[in-house]
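Okay, so here's the structure we're looking at.
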Amino acid sequence: MTSETSTGQDTTHTGNGRAQTGVHIDPSAVKTGRPDRSLSDVPDPVIECKGVDIFYGSFRAVSDVTMLFGRNEITALIGPSGCGKSTLLRSLNRMNDLIEGARVAGVIAYHGQDMYADDVDPIEVRRKIGMVFQKPNPFPKSIYDNVAYGPRVTGMKVDSMDDLVEEVLTRAALWDEVKDKLGQSAYGLSGGQQQRLCIARTIATRPEVILMDEPCSALDPIATAKIEDLMHELRDDYTIVVVTHNMQQAARVADRTAFFTARPDEQTGDRTGMLVEFDRTTVLFTKPADKRTEDYISGRFG
Amino acid sequence: MATTADAARAAITGRARGGERSTRSLVFLLLLWLSLLIAFGVLVTLIVTIAQDGAGRLDSGLLTGYSASVPEEAGARAAILGSAWVIGTTAVLTIPLGVAAAIHLEEFADKKHWFNRLLELNIQNLAAVPAIIYGMLALGFLALLGVQNKNVVIGGALALSLLILPVVIIATREALRAVPDEIRQGSLALGATKWQTVWRQTLPSAVPGIATGTILALSRALGEAAPLLLLGGLVYVTFDPNGLLSGFTTLPIQIFNWTGRPQAGFHELAAAASVVLLVLLLAMNALAIFIRNRYQHRW
Amino acid sequence: MSTVVNQGGPAGVPGHPGASITARNRRPGERAIRLGLFLAAAVSMATTIGIVVALLVPALEFFAEVSVIDFLTGTRWAPQFSPATFGVVPLITATLWTTAIALLVAVPLGLGAAIYLSEYAHRRVRKVLKPILEVLAGIPTVVFGFFALTFVQATILRDLFSFQTGAFSVLAAGLVMGIMIIPTIASLSEDAMSAVPMSMRQGSAALGANRMQTSLRVVFPAALSGIIAAIVLGISRAIGETMIVAIAAGNQARIVEGPLEAGQTMTGFIANAALGDARVGSLEYNTLFAVGLLLFALTLVINFISIRLVRRFREAY
């Protein structure tokens, strides 16, 4: 069940002569719990992964992932620690380029463009696919400057930065709490507020996709609920991919969920992450097709 | 890390008290105290004797007088101004160069590349090359250019800049390294380029650390005489230095010169000038510590 | 349905980007800046090359006239006399004396201070003591030299102890140089000892060792390569120190046979000769660089030993 559906030729991206080609992924090749079912109902996939392997040096952290991220959907990545969720997420906007030795094989396409082709500028990728981190990481600047930073560095044409800041902070459900202290340091905010500020900062640059790596794991339940509400809100305009350890959260927010696990490699003994099952969240949580998924969601594993 | 170490240390003391009271361990502890006591005792003695020796000449004449053949008429005016010129020029040369080099090594360089590794090794070594060698470098450089008059402010500043460059680079790298990676990642994830990230996030966050390290490096340059000795024995300066090509002397050189004279009056002058130099250095150190405590981010 | 190429962003979001992610340009500004940064870093390389060339060229001219053997083994240093002799041994003996005396002072005191700071001192005490050591490290060497000449040599050695010594001695210079080096040895050794994992101390304490035993038998050996690196760096500083010896050790180049004698070190010779007005290209001028080259080569070897020892230590923990 791991590789029979993969049809991608192994392509390793080291920056050597890859021309841009339109990438087509056959939805029926996308792994679901049921081999008989295709995921042709994923609407307008924005990001498509086909036969993706991710390496750290010679260590294969993620193996043979084929899946789609549908437009204006929230896709959750779940699975036990170390199964490569963050690794996969980082490779979706080329943030893994920053890790020495990290390497992607297979195809990750953004609107049909191979994201790892030679003529692709990773900075452009990140401008379209934003990222929110596990630990809130506001800049040591004022709240206003945190939001304005992205538009400024990307050279976005903005009629009124003040209006943009207000709009974006409102969008992130933070405006009422901070409107009187925009000039103050972002470090004075609570953890939950900081995380919403980071989301505001991300949408200020008008990305199409927002990647979130366990955005609530450092927050209390109330702050978590606010972020979850916000994700629902944002879904109308953005495509969201969220890594979470909290299965209730995945069940609450995600349209689709992908379950990963790590399995020791027969030859090397490395624990390599792999996609077990990818389906509508309701299906995955109520009628998982794979035994491992069932064990995991019922708490018998991980 | 210090806190856990302290906690563990405290735990060790708390329980092992009995063993700590043996004569041997007490003598050992006494010797340890003695080491610090001797070091600090000499420091105090040095400051006191120099202040005493120089007290008679800590007057306005010291600050207004030029070099002279009789100690009563001589002062350190030209030396103080010369030090200001040389150190100012050194700062202008070193800070951009050192910070840029540190940014390359810390933020951009592929640390596994052999050339960058060689650069690191080279900087470590340069930091330990004797100061006087930098004077020989400047001397050789000026000779190569065919400069007749080697006693010029820019020559001295060049020698001192290269002398403290490794120190500035090392301090700047430490300051950059102290900026958490999350800041960089946050910026890059918004689509900022690497340089934008460095210029708008990392570097501003590292400024207090860089300032502290740089001020300390400049204070080292201010007290340094050896490399400047090679750039001319012009310690008989009776004018205010007024430009990069002006002749100059500096406080340490002036002190050296006066120390070498036989008359007691000049020794008194040397001590008084030393007091001035120490006060300047203390002020710079205090500034550095102030910046460190006041502005340093605690991540 | 499966592939969407170049569709616009979500409706209702103003200014939403299109889907093109290919590079519009290759960011030439960014590349220029990177090149500039690299060149700045390369200046340090140019410095080293500059030093080697600056020393080597005049030194080679010198060795064209004076044989290397005579230079390194000759026991008479009289470059100004005629016939001039260029045996560097006298300068080396003076350097050895001052360096050895400095180490006799700095090694025990520096290590004592380091053990106290790392193994005994409370965090708050350490926060007070370390800056004081930094102040000691920040005293200009001319001031140390003045102190060595007028206080240590004149007041202490001559007046107080009534030693048979003149205006200068390698002892006075060496003692003060030792004090000057204490902070170097103390702070580097303290770093090394602090890096020894706490578990090793706890293991020792669990066996009933007291703090002295733990310090000497566990921490000290574990930190040894770091400590040796500190001492080696201290040696390098002692050999290269100029002002203290130029002021207090004297400037007669002769073989030094006892600590109370005056003598001229290698650095002392360079400083003194620099004061004279040697013409560029003259033998006198080249002599300066021959001695400088020897000094540079010596400290280079010593520095590399120290750097390697530090690396080995870093790898261990």
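Labels for the chains are A, B and C, by order of writing; each one numbers its residues from 1.
The rule is short, and it goes like this: contacts are C-beta pairs under 8 Å (C-beta built on N, C-alpha and C of every residue); 3 or more make two chains touch, one makes a residue touch a chain.
Note that the coordinates shown come from a computational prediction; the quantities given were computed from them, not determined experimentally.
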{"item": "Chain of greatest Cα-centre distance to chain C", "value": "A"}
{"item": "Pair of chains joined by the greatest number of C-beta pairs in contact", "value": "B-C"}
{"item": "Centre-to-centre distance between chain C and chain A (centres being mean Cα positions), rounded to whole Å", "value": "51"}
{"item": "Chain centre separation in whole Å, for chain B relative to chain A (CA means)", "value": "49"}
{"item": "Centre distance in Å when chain B and chain C are each reduced to the mean of their C-alpha atoms", "value": "14"}
{"item": "Sites on chain A at which at least two other chains make contact", "value": "123-124, 127"}
{"item": "Junction residues of chain C - those touching two or more other chains", "value": "27"}
{"item": "Residues of chain B engaged with two or more neighbouring chains", "value": "193"}
{"item": "Chain C residues touching chain A - in the complex, by the definition given at the top", "value": "1-7, 9-10, 12-17, 19-24, 27"}
{"item": "Residues of chain B touching chain C in the complex", "value": "2-6, 8-9, 11-13, 15-16, 19-20, 22, 24-25, 28-29, 31-36, 38-40, 42-43, 45-46, 49-50, 53, 96-98, 100-101, 103-105, 108-109, 118-119, 121-126, 128-137, 139-141, 143-144, 162, 165-166, 169, 193-195, 216, 219-220, 222-226, 229-230, 233, 252, 255-256, 259-260, 267, 270-271, 274, 277-278, 281-282, 285, 289"}
{"item": "Residues of chain A defined as touching chain C within the complex", "value": "20, 22-27, 40, 44-46, 48, 68, 71-72, 109-113, 115, 117, 119-121, 123-125, 127-128, 156-157, 206-208, 236-238"}
{"item": "Chain B to chain A touching residues, read off their complex", "value": "112, 180, 182-183, 185-193, 196, 200-201, 204-205, 297"}
{"item": "In the complex with chain B, residue positions of chain C that touch it", "value": "27, 29-30, 33-34, 36-38, 40-45, 47-48, 50-51, 53-55, 57-58, 108-113, 115-116, 119-120, 122-123, 129, 131-136, 138-147, 149-151, 155, 179, 182-183, 186, 194, 198, 201-202, 205, 208-214, 233, 236-237, 239-243, 246-247, 267, 270-271, 274-277, 280, 288-289, 292, 295-296, 299-300, 303-304, 306-307"}
